[in-house]
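For clarity, chains are labelled A, B, C and D in written order, and residue numbers in each chain start from 1.
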Amino acid sequence: MSEAREAGGWEPKIVAFLCNWCSYAGADLAGVSRLQYPTNVRIIRVPCSGRIDPLYIVRALQEGMDGVLVSGCHPGDCHYISGNLVARRKFALLKSYLDYLGIEPGRVQFSWVSASEGSRFAALIEKVVEDVRALGPATKMVKTPVGVQAAGAAPVGAK
Amino acid sequence: MKRGKIDKADLGKLLVAVSETAQCAGPVADRVGVKLEMLSADSALELAYDNFALSPKLWFFPRSEVIASGTGDALETTLLPEGETVLFGLRPCDAAALELLDKIFLDEAYLDPYYKNRRQNTTVVALACNEPDAACFCTSVGGGPGAGAGADVIAFDLGDALLFEALTDKGKALLTQHEKLLNAPTGDDDAAKTKVIADAGAKLKPVKTDGLADKLSGLFDAPVWEVIGERCVGCGTCTYLCPTCHCFGIYDEKAGEQVQRIRTQDACMFPQFTLEASGHNPRDTQGVRARQRVMHKFSYTVDNVGETFCVGCGRCVVHCPVNIDIREILEEVAA
Amino acid sequence: MTQSNPYLPLPVTIEKITIENEAKDLKTFRLRFQSDEDASSFKYECGQFAMLSIAGAGESPIGIASSPLDEGILEFTVKRYPTGVVTTALHNFDEGETIGVRGPYGNAYPLEQMEGSNLVIVSGGFAFTTLRSTIRYLLDDSQRSRFKKITVIYGARSPGELLYKDELAEWENRDDIEMVVTVDKGDEGWSGREGFVPTVLQEVSPSAENAYVLVCGPPIMLKFTMPPLLEMGFPPSRIITSLERKMTCGIGKCGRCNVGSKYVCKDGPVFTYEQLQQIPEAVL
Amino acid sequence: MSQVETKLRETIKELLDRGEVDLVVGHEAGSLPLRSRPVFIRDAADVDRLVWGSTCSNNLATHLPRLFVRPKNSRAEYAPPTVGIVAKGCDARSVLGLVKEHQLPRDKVVIIGVPCAGMIDIRKAEESLDGARIIAAQEEAGTFKVETTAGEKVLTLAEMLADGCAECSHPTAPEADVVIEGDARPAAGERYLQVEAFEAMTAEERWDHFTSEISRCIRCYACRQVCPNCYCVTCFADQTKPRWIGAADELSDLMAFHIGRIFHQAGRCVECDACVRACPMDIDLRVFTQKLPKDVEALYGYVAGVSAEGVPALLTFSENDDQGFISEP
């Protein structure tokens, strides 16, 4: 990442919500196995993909993340039996909905990575980073940074 | 210059001239209705409108405004915007509301610098009403379709022409500045003006409000509030659209070391408005919250600043999702 | 463009933090003004409050617990609520750090008017803070002679919840103030009084003659304290209490603390019971 | 007065007289032309206040849960009331949804099904009048005699029919306890036409529309407050720790609020369009709310509120649920 920064180019910033039992362990395995994958991803460990509130994803986009990845155990392998299966419906609808509103489909991605799939994790990150890189920096949903808003910049009565 | 007339066809020219020295807002057609918008060369002016969906109070008291900002733990005053603004086309009710808000925000003890700054730098040109809406009741709360309170200039729509009358020094200065574009009004114009205002007034249904404040003070525990509360869904439509409602909240936004303290519009209709951190809420039913709104406007402000905080614009009447009609409440109370 | 901004806090340094109770959700913060100018501009009286400001979290109205005679400093005792953004943030601060204060706001206990009278102070819970300010002030050598007998009835839920324990002990050893400290329920180490404040008040039964009573406590305590006070012969005009409401601006504009035609932040927080009886929304 | 209205009043009078309900939530004439509003009838003598027609658009289910809140500080034994509700298809579906979510006791709610011919959209009435204003209006069998500032005019229900009603799948109340007979509109054949049209637009067009509509939001939360499904004690938008929705007048936060609110309705929205009607800023909410019920039905075959039985779509799963959206490396 530091190289990219030094080069002054834009690098995608991606947040990955990984479930504790499978995908986080998969990421760990990728690291232990010394697999190379892009460093653009910031990992947040969650107990289960079922823990992901759609608001987390919306918030990540608001805070200027160029991409969001959510990954959990493969269907059938959930530590909590069915957390990921219930979440799958939520994710399918959210993905469709954000697409419907006009947010680029590549920005928010969902996947399954098991604890033994270090290479799948590395490849997944590769893909997500490439997808987001192709889309360019996020502009939709991004909050105006605090301090940038002009003092008292207010619309006239009706906006 | 105190009075002047302009053909409607030339109004655009006048507003362009005004825009040369000040930012100028006027009525512009939108996908839904007409809104007050900063004018640019290609703005399409629209003079046929009941009123703006949102009250122009928001120019002076925005929905959200940074009142202090800084880095780390030190907060400083945000720079106040400078430059003159002319708002054209406020209905008399909305202009009158500014005079009421002055009593709150220009109170000597604690002057609000942000409001004061806007008020000082803005010239308000009101446009008298020829066709009041079915929900309007300005004449019942001390206003009228041609009333000039709160405005610096009032304009009357005489059909093909607009007649301007300056009401303050600021208004006179504005008319004088553009006197080349204005003609002298004639006696016929005065007659026409009197007629349109009288016609408009005649279309307004009066609401009985005799002795309202006194009666209200005896009705604090009346069952009427819970009856309203049962129907009220507790949204902020009435208060957010109201030209005189001015309750607010203050919140901080933080990103890294950057902090902004923001004043935002708030509403007594929301339970959170009075909810204390301990969990105690002194106004814990929708009925008492509905009572607060009516009491504050028609009783408490009368006690405190001698004014009824309602200008009869009718926005709350039209937009309440469950058709709670303040006029009916007032009539019931005054009966 | 410079213009005075009533929303702007003054910077203060946290000089000392005292944990007041076992639950550690009550802390007293001693704040020192960072400039002498600020210190001298902040003139307050007993019973007033100020807005504590934490940049990034917000502001909270808190009663001033120090005495106006404590120079250069301000003290506030703050309870942390799980839902309270500002109180939680404040409790995470350390000594030496900077926060903001704006005020003082509201009216004060009418000490001038009470001069030459007996004073009864009744309080429960952590509403004791502004009365602590008052007691500190009254007991100062320069002030004590202005007032006659002073009786304090102060209660908390448990011994651990009593505020200002060192000061309470000090005051109990003085002979110019009668201290009655009670807890709802004692523990092994407690040898003092047990019982709710209204009950203890009736037991102590202070004389209403030439007396004022200052009452401050949670709404439920106030509700049960007023009838015995009236029974003891305190006229409503001499029962002085302090109201609490959610506040945002502190300067009578934001509308939150509106009770009847009064604003608690501006017209209060101190009201006589006689005044409160005229405000239906504030009836205890 | 229509036959349905007469029958409705008679029925409710009987229910009240026989003590089968303690109160009935219905509609009464509003204070403005073409408007009605909720009314709470506790006394049989008041049944004549009830009206029924194509202006009775409020979703009355919104008002029900509050009627079952145990009074505060009351130590007296609490007996929940039995509440009748004048129910169109959508009102009844909301009631059944609330029952399913344990917000209403089914045995204490009497669903009085009324035949819904569809509701008018006042905005369409206003638009059809070329700037003239409505002074008064009278409804009669599918037509409205409207007195305007430009003279009298007759408008039909068909020309003013609300978009939501045109696509309604359940014009009559499912699982009604009492049914008032009459002519309801048939269930719509073609549905989600607006959503499909929106889907056909480009991503940029869709985003532009979302942006321009949501930027008008004034955060009055009327959309939330009128929604029967929005009964959370503390809405995510009002939470302070964490604060999901920033305080500033910031488009991104407005969007986050609307996405959050609308998404919370996934598998629950009964498509009553109460939010659409309530919005004082005329935000085109319908096109944004209807996508979810469409998807939920298409993906999981679930339609909200048609029965008090069954598990809501988002509280369950099937092993075979679509996962075509999953990213494969």
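By our rule, contacts are C-beta pairs under 8 Å (C-beta built on N, C-alpha and C of every residue); 3 or more make two chains touch, one makes a residue touch a chain.
Predicted, not measured: the structure shown is a model, and the values here were computed from it.
Novice: What's the chain with its C-alpha centre farthest out from chain A?
Specialist: C
Novice: Per the definition at the top, count C-beta pairs in contact and tell me whether B-D or A-B has more.
Specialist: B-D
Novice: Distance from the CA centroid of chain B to that of chain D, rounded to the nearest Å?
Specialist: 31
Novice: Starting from the mean Cα coordinates of chain A and chain B, work out the distance between those two points in Å.
Specialist: It comes to 45 Å between the two C-alpha centres.
Novice: How big is the gap, in whole Å, between where the Cα atoms of chain A centre and where those of chain D centre?
Specialist: About 35 Å separates the centre of chain A from that of chain D.
Novice: Could you put a whole-Å number on the gap between the CA centroids of chain C and chain D?
Specialist: 49
Novice: Quick one: which residues in chain A touch 2 or more of the other chains?
Specialist: Residue numbers touching two or more other chains: 149, 154-155, 159.
Novice: Please set out, as single numbers or ranges, the residues of chain B touching at least two other chains.
Specialist: 53-54, 62-64, 66, 79-80, 249, 251-254, 259-260
Novice: Can you list the residues of chain D that touch 2 or more other chains?
Specialist: Within chain D, residues 216, 243, 246, 248-250 contact more than one other chain.
Novice: Judged by the touch rule stated earlier, which pairs of chains are there in contact?
Specialist: Every pair of chains meeting the touch criterion: A-B, A-D, B-C, B-D, C-D.
Novice: Where on chain C is chain D touching in the complex?
Specialist: It comes out as residues 82-83, 85, 88.
Novice: Can you check the complex and tell me which residues of chain B touch chain D?
Specialist: So the residues of chain B in touch with chain D come to 31-33, 48, 50, 53-54, 62-64, 66, 131, 133-135, 230-231, 233-237, 239-241, 249, 251-253, 260, 262, 264-265, 267, 270, 272, 284, 286, 315, 317-319, 321-325, 327-328.
Novice: Would you pull the chain D residues touching chain A in the complex into a rising list?
Specialist: 198-199, 203-210, 215-216, 236, 244, 246, 248-250, 252-253, 255-256, 259-260, 262-263, 266, 288, 291-292, 295-296, 299-300, 313-317, 319, 321-323, 325-329
Novice: Which residues of chain D touch chain C once you look at their complex with the stated criterion?
Specialist: 240-241, 243
Novice: If we count contacts the way the header does, which residues on chain C are in touch with chain B in the complex?
Specialist: 1-9, 11, 53-60, 81, 83-84, 87, 97-100, 219, 244-246, 248-249, 251-256, 258-261, 266, 280-281
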